[in-house]
Amino acid sequence: MSTPSRYWRSIPQRYRLEANKCKGCGKISFPPRLICDACGSREFDAVKLADTGKVVTYTIIRVPPQQFVDQAPYAVGIVELADGVKIAGQIVDCDFEDIKIGLDVKLEFRKIYDVGHSGILCYGYKFVPV
Amino acid sequence: MREVAAIGVGMTKWGELWKKSLRDIYVETALLALDDAGVDKVDSMYVGSMTPGLFVGQEHIAAMLADYLGQASIPAARVETACASGALAMKLGFMEVASGVSDVVLVSGVEKMTDVGGNEATYALGTAADQEYEGYHGLTFPGLYALIATAHMEKYGTTREQLAMVSVKNHRNGSKNPLAQYPFEVTVDQVLNSVKIADPLRILDCSPITDGAAAIILCPVEMAKKMGKPVIKIIGMGHATDTIEISQRKDITWLEAVYLAAQKAYKMAGKTPDDIDVTEVHDCFSIAEICVMEALGYVEKGKGGPAVEHGLSAIGGKFPINTSGGLKAKGHPVGASGIAQAYEIVKQLRGECGERQCSDARIGLAQNMGGSGASCVVHIFERE
Amino acid sequence: MEGIVGYGAYIPRNRIKVEEIAKVWGADAPSYKKGLMLEEKSVPAPDQDTITMSVEASKNALKRAKIDPADIGAVYIGSESHPYAVKPSGTVLAEAIGATPDVHTADLEFACKAGTEGMFMALNLVKTEVVKYGLGVGADTSQGAPGDALEYSAAAGAAAFIFGRENLVAKSLDTYSYTTDTPDFWRREYQYYPQHGGRFTGDPAYFTHITGSAQGIMTKSGTKPKDFNYVVFHQPNGKFPLRVGKMLGFTREQIEPGWLVNLLGNTYSGSSPMGLTATLDIAKPGDVILLVSYGSGAGSDSFIFEVTDQIEEVRDLAPKTRYLLEHNRRYLEYGEYAKFRHKIRKAD
């Protein structure tokens, strides 16, 4: 579970999907990397990820980790965004039967979990069908 | 480099071992291996264990276990690469003997998982995934493999029944293994109707939470011959990694680390998949065994499902897999699984597997994998 | 001239019908539906709260405003259900839209009028040229005590307004506030549900302050009800806004476009602001809109807006309020509703 500093450090990614794009080969890394794993370049431009995409694969989690107990069952998928980057996230606001590979989705800001009754609230992105 | 032989193996029954601590399990199996090898003293030891810190609040187990085994003062190290920690320990033990740094090396794996509740165990196992971009969004280990399964089913037409048949076969084998956690058979129907975990995987598609350890003793082949032991050599070894996030894999249905590790092992051993008589693979989930069969080159990409369905991986089939019962029936005390695989291969090559023996097994392969396939270590053994 | 540069709303997809709540408490659904003029209300999912709805409403406002969020100099969320008791909601919103760090942020509360308070502050900082753009949001995931009358209407939603001085979709012509200390509805610290004064919440509270505020702004600006194309009142239930409209001399047609409560419920700090977004969704250039909020405790903020040509350019750039109200609805049974609203006591 996230501690305040670990959560805070990821805010640019969780809230604004900030990534970086390799100056050498154009590959987008999310989260941003220090060295491109495709071409080895260490120079990057700051970019933001696209906010729409298609579902590439998915599952329904029925036995959740502790902090997701009240949310289960929930769908999680890997989405290929319009810019080609693939990211994992929950798929919400639809019936499980309606989720399929190829489903068009967009990103929405949601709460991911509470750190217990008294810890911080952790926010981020989830996918909703378009 | 010297040739390396395995002269002793040890393993006790796996399961929920309430009365035994991590130290107990480790020492019992290490003593069995020492006895089996006929040695009192080892030069060095490696222990594979994924996370004794999270499971029992104990780190520094290498020194502790050397002490409790009565081998205090020897160099000892605990190594980790998630669920492949066992095979990683074996790789390092192999290298230490092969390079001449040590003669007799004790390699073990141990995990004590039942001193924490189900939630904490799930959390501990989940640390093998990407915490910030997989775990953060609620993905669990079954969830990650379920994502792979969904994609594999869509791409290749693999069916739920074929996944279930992996568990059925492994339980059939496990019912013949007195050390297995679940030595009983299950049917396809039972698997298909068992509790849902992460669609399409049900609980009988998933390996269990287990306490257990296994040990193997390595030494130079020359020493094994002098001791009059059957010479079971490690002739090939390969180790590779892949992206930790499965979303970053070029093909979510393909385990590249397994492919690369196996290729390196085959090359070093001078063998091909057709030469392998018996195999132990990392069936943490039924889909994993199907993907591993493909990555090892036993079948073409996408053909893992039909292969299981047609009995190719059963005892007596073209390439028997998981005669021990696999992780599914034998259990999966995370760091120990890789060594238990080696235990089974050594026993098969010695002809000591009773009802689950593969006739005339001479060459065996053990494939141990970490997390969702981000690491893989493969060893090939040969009876001289 | 200052005014609205962009506006947006957000409504969660889950709903619960009056009948479903009445069934559990053994109440007479038809009389509640008739008495409150209410059919159903919106329900936030466990992953939705004042902050998440504010972010989505603000993103919709940004789509219409077409400005660089870094130029937003003030961010205010008004709510009576801020997720933290101590830690601002506005900072999460400011980070999510990219307005940090050069920004002033404050969280506001004043029962159902906290939204228009944020709007008032953002608007006036723009008017006095302290900031280039100001964002004011009204959002709530209000709680109604189980079995209480308010359980039928306490709903969830958000509306966001970006104020500026150029490319206005609606000019701000005047503002007025009417405030007294009237304890009609309150919640003490550590109490889970609010309490209210029953019928006391009517005449001395809602009606006195809305009429005081509406009459105040009309006197101040020299206008009469017939000078407005539309009027939006705070909507605690279906009846009150229609009744106060009639008392003040407004017609049903003036109230209708902004009257969402029968299908939405009372979104508290989002209530009149969402009525405004719904009205802007259909208003024509030149239309004059009167907005009159109400917050228990008690007070009422009034605004007069005049719609410009720009509205036609930007209206379709984000989802309309009634689209959000009617699209992709999912109806809950009381059990799931109680689970979502944390009304079930679980083990620690």
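Some observations on this one:
To keep things simple, chains are lettered A, B and C as they appear, and every chain counts its residues starting from 1.
The working rule: a contact is a pair of C-beta atoms (placed from the backbone, for glycine too) under 8 Å apart; a residue touches a chain by one contact, two chains touch by 3 or more.
From a predicted model like this one, the values you see are computed outputs, not experimental measurements.
Chain pairs A-B and A-C differ in how many C-beta pairs they share in contact, with the greater number at A-B.
When every chain is reduced to the mean of its C-alpha atoms, the one closest to the centre of the whole protein set is A. Distance between chain B and chain C, defined via averaged C-alpha coordinates, is recorded as 59 Å.
Our note on geometry: chain A versus chain C, Cα centroid distance of 30 Å, whole angstroms. Shared contact sites, meaning residues of chain A that touch two or more other chains, fall at 71, 90, 112, 126. Contact residues of chain A toward chain C in the complex are 11, 15-16, 70-71, 90, 92-93, 108-112, 117, 121, 123, 126. Chain B meets chain A in the complex at residues 119, 122-123, 126, 132-140, 142-143, 146-151, 154, 195-201, 243, 245-248, 252. The touching residues of chain C, counted against chain A in their complex, run 13, 45-49, 51-52, 55-56, 59, 83-84, 92, 95-96, 98, 328, 339, 348.
On chain A, the positions that touch chain B within their shared complex are 2, 6, 10, 30-31, 37, 56-66, 68, 71, 74, 76-78, 86-90, 96, 101, 112-113, 122, 124, 126.
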